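Given below, in the form of C-alpha cells, are the structures.
The two complexes that follow have chain A in common; it is paired with chain B in the first and with chain C in the second.
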Partner chain A sequence: MDWYFWIFAVIAVSAALFTVATREALSSAMGLLTVFIAHAALYLHLHAPLVAIFQVSIYAGAILVLIVFVIMLLMAPEERAGVIQANVSFRSFGTLLGLCLIGLVAVGVKGIAVLIARRSLPAGFGDPSVLGNLLFRRYLLHFEVMSVLLLVALIGAIYLCKNRAWKHKERV
Partner chain B sequence: MATLTHYIILSSILFGIGAIGFLSRRNALILFMSAELMLNSVNLMLVAFSYFRADVAGQVMVIFVFAVAAAEVAVGLAILITLFRHVREVDVTKFNILKW
Partner chain C sequence: MEGWVIAIIKVVFIWVWVLLIATVMTWVERRGAAMMQDRLGPNRAGPFGLFQPLADGIKLFTKEEVLPKKAHKVLWNLGPLLFALPAFSAYAVVPFGDKIILGGKEIILQVSDVNIGFLYVLAIGSLAVYGIVLGGWGSNNKFSILGGLRSTAQLISYEVPLGLALLAVVFVYGSFSLRDIALAQQGTFLGFLPNWGVFKQPLGFILYMVAIYAEANRVPFDLPEAESEIVAGYHTEYGSMELGLYLFGEYVNLVTLSTLVVVLYFGAWHIPYIDISKFLGPVSWGIVSFLILYLKVAFFLWLFVWVRWTIPRFRYDQVMGLGWKALIPLALFNLFITALFIQLSA
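Coming up: the complex of A and B.
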C-alpha cells in the first residue's frame, strides 16, 4: 500500500505549493480543494472514514464555498477577468484534480482489501458508531461547547456583515 | 509501508508550505487559505497518530478542529468583508491604520 500514500502525498504537496504560489485567488482556492481531497484520501487510508466524510463535506463543501463566495464578492473585475481563461496554471490544476480522482477511483476498485488487512487494531477502529459513542458520552461537554462556539461565530459573522454605519458614511 | 514517520514528514511539509504562504502573500484571502492549509496538516498529523497508536480520541479531536475551523472562517471572512467596505482593498499591507 505504499503507492497509495505516495500518490496522495505528492498530490497534496504539489497542490499546496500551487495554492501558495499562484497569482489568482480562485486558482488558489481550487488548489486548496485538491489539498482537501488528498487529505480525505489519506484519512481513508488511516481508518478514519468519518473524518474523511467530514473533510469533504465541511472543508471541501462549506468552507471552500464560503471562500469562493468571498473571492467573487471582493475581487475587482479586472482581477477576475484573468481567472476564467484556460491558462497554464488552470490546466495544471485540471491535471492535478484528475490524478486525485483517478487515485480515489483506484482505491475504490482495488484497495479496499488491502486497507482492511492492515495491522492489528481494536475491532471497529474509526467506525462512525465508535466515534459517535465517544463523542456523545466521554466528550459530550466538549461537543456542546463546540455547538455554542459555532452559534456565537454565526451571530458574530451576521453582526459584522450588517450594514450599520455604512449608510451615513458613504466612503465608496 | 507508510509509517508514522512518513505522515509526520508529510504534514510538516504541508504545514511549512502553509506557513510560507501565510507569511509571503499579501492577498488576505490567500492568507486565509494558507491558514486552512496549516490546520489541515495538523489534522492529518492527529489522525496519523490516532491510527498508529490505535486510539480513536485523535479523530474526535479532529472533528472539534473542523468545528473551530468553520467558526474561524465564518468570522474571519466577515471581518474581511467589513474591512473591505472601509478600505476597498484585500491587500494586507494596506491595512496599516494601527501602524504609528
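Coming up: the complex of A and C.
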C-alpha cells in the first residue's frame, strides 16, 4: 500500500469535487489550488521534481492568480455562482465533457499493466539538465510549435479585445 | 538516523534565526524611520528600546480577536496562515553558510541542497499572494478587496521580470542549485573583478532589486496597503495575532529575499580577493562564513528601511507601466545578451 500516493490522491479528488460543488467563486478557486498542490506532491513522488515545481509556480502561482484576479474584479464576496450552476445547457455540456474525459481515461487504462510495472529509472531522471536536453535537442520542433501556438493565441486575444475596445469607443 | 537529527537541528536553528532577525527588523524599522525623521523612536523598553518587539508581541497575543460580522469565517482565518506559511518554508533551500566539520562529519550549512532549489524559492514565493487575497476577500470590506486586487495584479506583473532576471543568473553559473551558485562566486575574473553575480549581471541585479521590492509589498510598491488611499488594504479588518502573522510574515519575506540577493549577486560567504577558509579551521570557518553572509544580508535589510523613508509611493498606473513597459523588456534584453555572450565565449 502506497500511503503517500493514497493520501494525496484522496486530497486531490476531494478538492476537485469541492471545486465544482461549491457556490462561492473564491472558495472554488482555493479548491483548485489544493488540487494543484496535491498534484505537485504526486509528481514529486514520481521522481519528477521539476514538473512538480512547474505545477506550483505556473498553475498555482500564475494561472490561478489570474483567475482569482478576475473573480475579485468582477464579483462581490456575497455573490454566489448559482446562476451558472443552475443553467441546464452548462450542466449538460459539462456532463458531456466529463464523460468524454472518463472515456479517455478508460482507453488509457488498457495499457496500465505496462505503466505500473516496476522498473529502474534511467540515470538523471527528472534532472533539469536532462529535461532541457530532451526539450531542446530531441523534441525541439514540438517545443517550437507549441511556443508559436501560444504566441498566435496571445496575438489573437489581443486583436479581438482591441477590436472590441475600438468599436466601443466609436459608439461612445 | 544521524542524518535526520542533523536535518532537524538545521531546520530548528535556521527557523529560530530567521524569526530572531525578523523580530529585530521590526525594531530596526522603527528606529531607522525615527532616525531619518530626526526623532527618537521607541526607546523605553530595554536598552535602546530593544525589547520593543517583545512588548509588541505580547500586546498582539493578548488582544481580542474580532471577527467582522459579514466576514467569511473560513477564508478569513486561512488568510494569515497562508501568508505566513510560504514565508517560513521558502528558507528550506537557501544556504546560510559554507560548511562546518563537526566530529569528523561534514555538514553543509543549508537545510536541503536540492538541484532545483532556485525554482523552489520562486514557486513558494508565488504562493504568498493567496494569503493576501483570502484576507482581502474574507474580510468582505471594500478597502480589503481593493488591496487584494492590487496585490494580485502587482505580483503577476513583477514575477515575470523577477524570474527572467534569475534565469540569466542560471545561465551564467550553469546550475539551479543555490549552493553551487554560491560556490562558483569565489575568485576573480578579468583579473580584478570578484566573481560575483552583481559584476556578471549588473542589469539583472537592478531588475531583481526592483522586482523584490514589489514582491515584498514594500515602499515604493506598497499599494496593496496604501494607507492614504485604502486604509490598510488587505489587513484593514485584522487585529490581534492574525495581524501579527501578516506583519511578521512580511519581515520573514524580507529576510529570505535579502539572503537571496546576497547568495546570487553578492558572493554569498566570499570576501573579494581573500580566501579566508585557508586561514581558519573547519569549525571556525563554518561560523565565520555564516557571519559574513549575514553581515551582507544585514546591509540589504537596512536598504529596505532606507528606501522606505526615501522614495514616495508610486501611483498605481506607474507601477503597472514600470512592470510591463520597462522591466519585462529589459529583462528579456538582459536574457538575450547573456545568452549571446555565453554562446560566443563558449
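Heads up, the rule we're going with is that the second predicted complex is superposed on the first by the 118 of 172 C-alpha atoms of A that agree within 3 Å, B and C clash if a C-alpha of one lies under 4 Å from a C-alpha of the other, contacts with A are read in each partner's own complex, and residues count from 1 in each chain.
Here is the rule we use: contacts are C-beta pairs under 8 Å (C-beta built on N, C-alpha and C of every residue); 3 or more make two chains touch, one makes a residue touch a chain.
All figures in this text were calculated on a predicted structure; none of them were measured in a lab.
A.B. asks: Using the superposition on chain A, tell me whether chain B and chain C clash or fit.
C.D. replies: In the superposition, chain B and chain C stay clear of each other.
A.B. asks: For A:Leu33, decide between first (touching chain B), second (touching chain C), both and neither.
C.D. replies: The answer is second: A:Leu33 touches chain C but not chain B.
A.B. asks: Quick check on the superposed pair: does A:Leu150 touch chain B, chain C, both, or neither? Answer first, second, both or neither.
C.D. replies: A:Leu150 contacts chain B only, not chain C.
A.B. asks: First (chain B), second (chain C), both or neither: which does A:Leu66 touch?
C.D. replies: Both partners.
A.B. asks: Which partner, chain B or chain C, is in contact with more residues of chain A?
C.D. replies: Result: the larger residue contact count on chain A belongs to B.
A.B. asks: Looking at A:Pro128 after the superposition, I want to know if it touches chain B, chain C, both of them or none. Which is it: first, second, both, neither?
C.D. replies: second
A.B. asks: Just to be sure I read the superposition right, which of the two partners does A:Leu50 touch: chain B = first, chain C = second, or both, or neither?
C.D. replies: both
A.B. asks: After overlaying the two complexes, what is the shortest C-alpha distance between chain B and chain C, in Å?
C.D. replies: Distance of closest C-alpha approach: 14 Å.
A.B. asks: Overlap the chain B and chain C contact sets on chain A and report the shared residues.
C.D. replies: Residues 50, 54, 62, 66, 73 of chain A touch both chain B and chain C.
A.B. asks: What residues on chain A touch chain C, complex-wise?
C.D. replies: By the definition above, chain A touches chain C via 24, 26-27, 30, 33, 49-50, 53-54, 56-57, 60-62, 65-66, 68-69, 72-73, 77-78, 127-128.
A.B. asks: Which residues, counting only chain C, touch chain A once they are in their complex?
C.D. replies: 70, 72, 74-75, 78, 114-116, 119-120, 122-127, 129-130, 133-134, 136-138, 140, 145, 148-149, 152-153, 155-156, 159, 176
A.B. asks: Mind pulling up the chain A residues that touch chain B in the complex?
C.D. replies: Touching chain B from chain A are residues 1-2, 4-6, 9, 12-13, 16-17, 19-20, 25, 28-29, 32, 35-36, 39, 42-43, 45-48, 50-51, 54-55, 58-59, 62-63, 66-67, 70-71, 73-75, 121-122, 125-126, 130-131, 134-135, 139, 142, 146, 149-150, 152-154, 156-158, 160-161, 166, 171-172.
A.B. asks: Within their complex, state which residues of chain B touch chain A.
C.D. replies: That would be residues 1-2, 6-7, 10, 13-14, 17-18, 20-21, 24-25, 27, 29-30, 32-34, 36-37, 40, 43-44, 47-48, 50-51, 54, 56-57, 59-60, 62-64, 66-75, 77-82, 84-86, 88, 90 of chain B.
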